[in-house]
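Got some structures for you, see below.
One chain, chain A, links the two complexes that follow: it is found with chain B in the first and with chain C in the second.
Here is the complex of A and B:
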């Protein structure tokens, strides 16, 4: 019992330490965070295009829902940004991983905490952008129910963890390839088109949508976005949980296997 | 030889320097040849995805007002072309500019007897944008031919395309210059890319307020819609001259901002 207590305390202290350090680092470069938030303007661009299209013809979603959908997509994407592959690539290529390996803690925690801390440092910008959006376009304003918000946060957290574990698995390619981030660009491509970031999945042909629902991508954007709109069926939710945990488990296993094998190959700088 | 034609020899010198710059970057990138396959795959995938998302609009019968399915391919082709330019020249140089500022090596650039803006803008190139350039050019050709506008008049599109190239560079360079004040802005290209994304669609696809913003605030319309309309023979001289005017103004502005930024550059600690 006491051992468990100590272990938990250690875990808490470690994560708090890593979080505070990462948060301080992130706030040092606030301008960069603002640029990152701005670079996600794609959701608003697509909102405009789909809004016009849905008012001209029946595209499977009403103009009002188009606005809510892409607004929610913007929020999900802000909450689920992942860049771990570039960090790992740099560490492996320049041999910086060596000093990390000397520490009595798996480097993945440092990456994970860095990502979570960035989320909090980004939050003020997101709030400002959201306020600006509703100020410019008050007709779009909507108040989601508390349960929708809860579900949204939960699903976004799941989406973030899933994206993180997939990208961290791609990053393990660094031990064999010089540039694992090149593979990541292919992964991002699939993610953008299959997740509902480019178009609401309702506008896709039914057959295509059915296939996509088996991939992890729709649950990374489409499902959390629908949840915030308060428009998601219980069976879709269950299916989402199932597909997400299946993919998550799969990548977790692959990741650990590749990590062990990769470390054996790793020979510091010039690996 | 240098005394008789000072200007041409200066131009030749600059061309030679840039040639050297680029051949060294090419040599460095050739180390990662396997990347080319990935780059080609991702451009092809990107193009397929973009075409698919366009198709989604036409499938439901919404389309874009005034644009047939074939005509909209020209817009998509131009978008792909500019994406290629960003990958080939703009992105690799941006990360160098940021490194120059964070590590204080901009001093060495300023000391060299060659214009500093030219040096930081064209120092590096990356061959990985090549597939996008090729696909883009191909798609433009297919779109123009398939929509039945293949005539010598379509070549007039070169003028707004050159203006668009200058405009793209100027917009990017203004963003890159902010590195001197904000230091760590590796992702400024992402902002440009994000805004450029608006160029995937013809300007008529947007609500009125968006159209205003994408024409006059962030002039994305001049990157894809205006050149496409000229090529499809449904523009007029106002837009042709207007696009050149916008490009020149943006270029001068980028120059002005760069000179202003250099005055506040304070070395590595800045």
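Here is the complex of A and C:
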């Protein structure tokens, strides 16, 4: 019991320390945070395109839902953005990983808490952008139910963790390749196509949609976005939870295997 | 100064067994080989050719708790690679290593809590934040309570004379101040074994002296073991009585610094400053006078410059040589020194002295 208490206390101390340091670091980059938040504005451009298309023909989603959907996509992407592959690539290539390996904590925690702290630092900018959006398009304003918001937050957290573990696994390629971020470029292509970031999944043929629903991608954007709109079935939710857990577990195992093998290859050059 | 660093908690620190033990340690890297020019780049694109580079080869030594050991060798000799294997960053390709009773590469938390590696040319501090934020983070990662780490930080701040600087962003600190802050962060958890890779690299003379004095005091007050690489021989002579010399990945000397000097440079240097410029006649007179004593057969003139004239002689013949020298030359100043340690290392590496098996450390 005492050992558990000590372990939990250490976990709390480390999480708090990493969060506070990362948050302090992120707040040093105010201008960058605004630009990063703005870089997700592709959703608003696609919103215009799909609004126009849905107004002229039946694309499987109404114009009103197009607006709500892409607004939700914008928020999901703000909450689930991940860049760990570039950080790990730099650390491995330049030997900066060495200082992390000398600490009694797995380097993944530092990356994870850095991402979470960035979310909090980014939040004020996202709020401003949302307010600006509704000021420009008051017709798009909608108030989701508390349960929809709760589900959205939960699914976005799951989507973030899934995206993080997949990209962190891709990052393990750094131990074998000079630039593992090249794999990520390919991964992003699949992610943008299959997650619903470019087009709502309702616009895809049923057969394609069925196949995509077996991949992790729709659960990273489409499902949380639909949840915020209050338009998601319980069956889809359960299926989502199952698929996300399965992919998450798979990538976690692969990640740990690659990490251990990668460390054996790590040459600690440059440090 | 009344500040002292609390002793690190360890039950096995003062045990009779070595705290660092390397046996037949080796590390080989696979390095890509790329041809010159455009053709070389094209060939490299289609076919990768690599070669094996032996960075460390069959290195064995032990270090007892509390020792301060200098690790010497030229660039690329294998010093840093060895340190990285000892600290668990690199997996040895041959041999075994144990530090504090642990296999370093396993990176057990119990091991990582007992060691620190400070690399002089690499910042472990968060660049854009004040150093105190890095200290706070280090304390939380090592699970140190405020009541434990804050007095420790205060003591280190005073010893390293960093008062008032910890609130400034690291990027605003000078190189010397940053190095001191690096040391402070690395020592916050009171490591029993401290690996230092070029800790004074790029520092000015005063900062180098301050870091040396601090390390010596840390060792004396905590009994921590220190293994240090440096290009500045003053670091080694000020801190280490024992040295390991590595060349082309192989350990060529392990023993007392003075024995290294006597083996590879068994002579004393005599420098006289005369009242006027040195003439060839002065040198001839001095050489002839000393040569009359058969004990001074090793005596030789090594150079003259302005009013300075230099000789070298075997340490056993120093007294008679000086006696005869001063009988014919009247200097305004006189000094007797050991050869610069850089020369000694250079001779050890080039094998100017008769090779011998590695001496056992005292």
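Definition applied: the second predicted complex is superposed on the first by the 269 of 271 C-alpha atoms of A that agree within 3 Å, B and C clash if a C-alpha of one lies under 4 Å from a C-alpha of the other, contacts with A are read in each partner's own complex, and residues count from 1 in each chain.
Operating definition for what follows: a contact is a pair of C-beta atoms (placed from the backbone, for glycine too) under 8 Å apart; a residue touches a chain by one contact, two chains touch by 3 or more.
Worth saying up front: this structure is predicted, and the values here are computed from it rather than measured.
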* Using the superposition on chain A, decide if chain B and chain C clash or fit. => fit
* Touch check for A:264: first (chain B), second (chain C), both, or neither? -> second
* Asked: Should A:179 be classified as contacting the first partner (chain B), the second (chain C), both, or neither?
  -> first
* Asked: For chain A, which side has the bigger count of touched residues, chain B or chain C?
  -> B
* State whether A:147 touches chain B only (first), chain C only (second), both chains, or neither. => neither
* Between chain B (first) and chain C (second), which, if any, makes contact with A:60: first, second, both or neither? -> first
* Asked: After superposition on the shared chain, which partner residues are touched by A:18: those of chain B (first), chain C (second), both, or neither?
  -> second
* Of all C-alpha distances between chain B and chain C after superposition, which is the least, in Å? -> 5
* **Where chain A meets both chain C and chain B, residue numbers** => none
* Using the touch rule from the top, collect the residues of chain B that touch chain A in their complex. => 31-32, 34-35, 38-39, 41-42, 45-46, 49, 52-53, 56-57, 59-65, 178, 182-188, 190-191, 193-195, 197-198, 200-201, 205-207, 210
* Considering the complex alone, what residue numbers of chain A touch chain B? -> 29, 31-32, 35-36, 38-42, 45, 48-49, 51-54, 56-60, 177-179, 182-183, 185-186, 189-190, 192-193, 198-199, 203-205
* **Parts of chain C lying in touch with chain A, wherever the complex brings them together** => 29, 84, 87-91, 107, 109, 112-113, 115-117, 119, 122, 124, 126, 128-129, 133-134, 136-137, 139-143
* Structure fact -> Touching chain C in the complex, chain A uses residues 9-10, 13-14, 16-18, 20-21, 24-25, 28, 95-96, 98-99, 101-105, 263-264, 266-268, 270-271
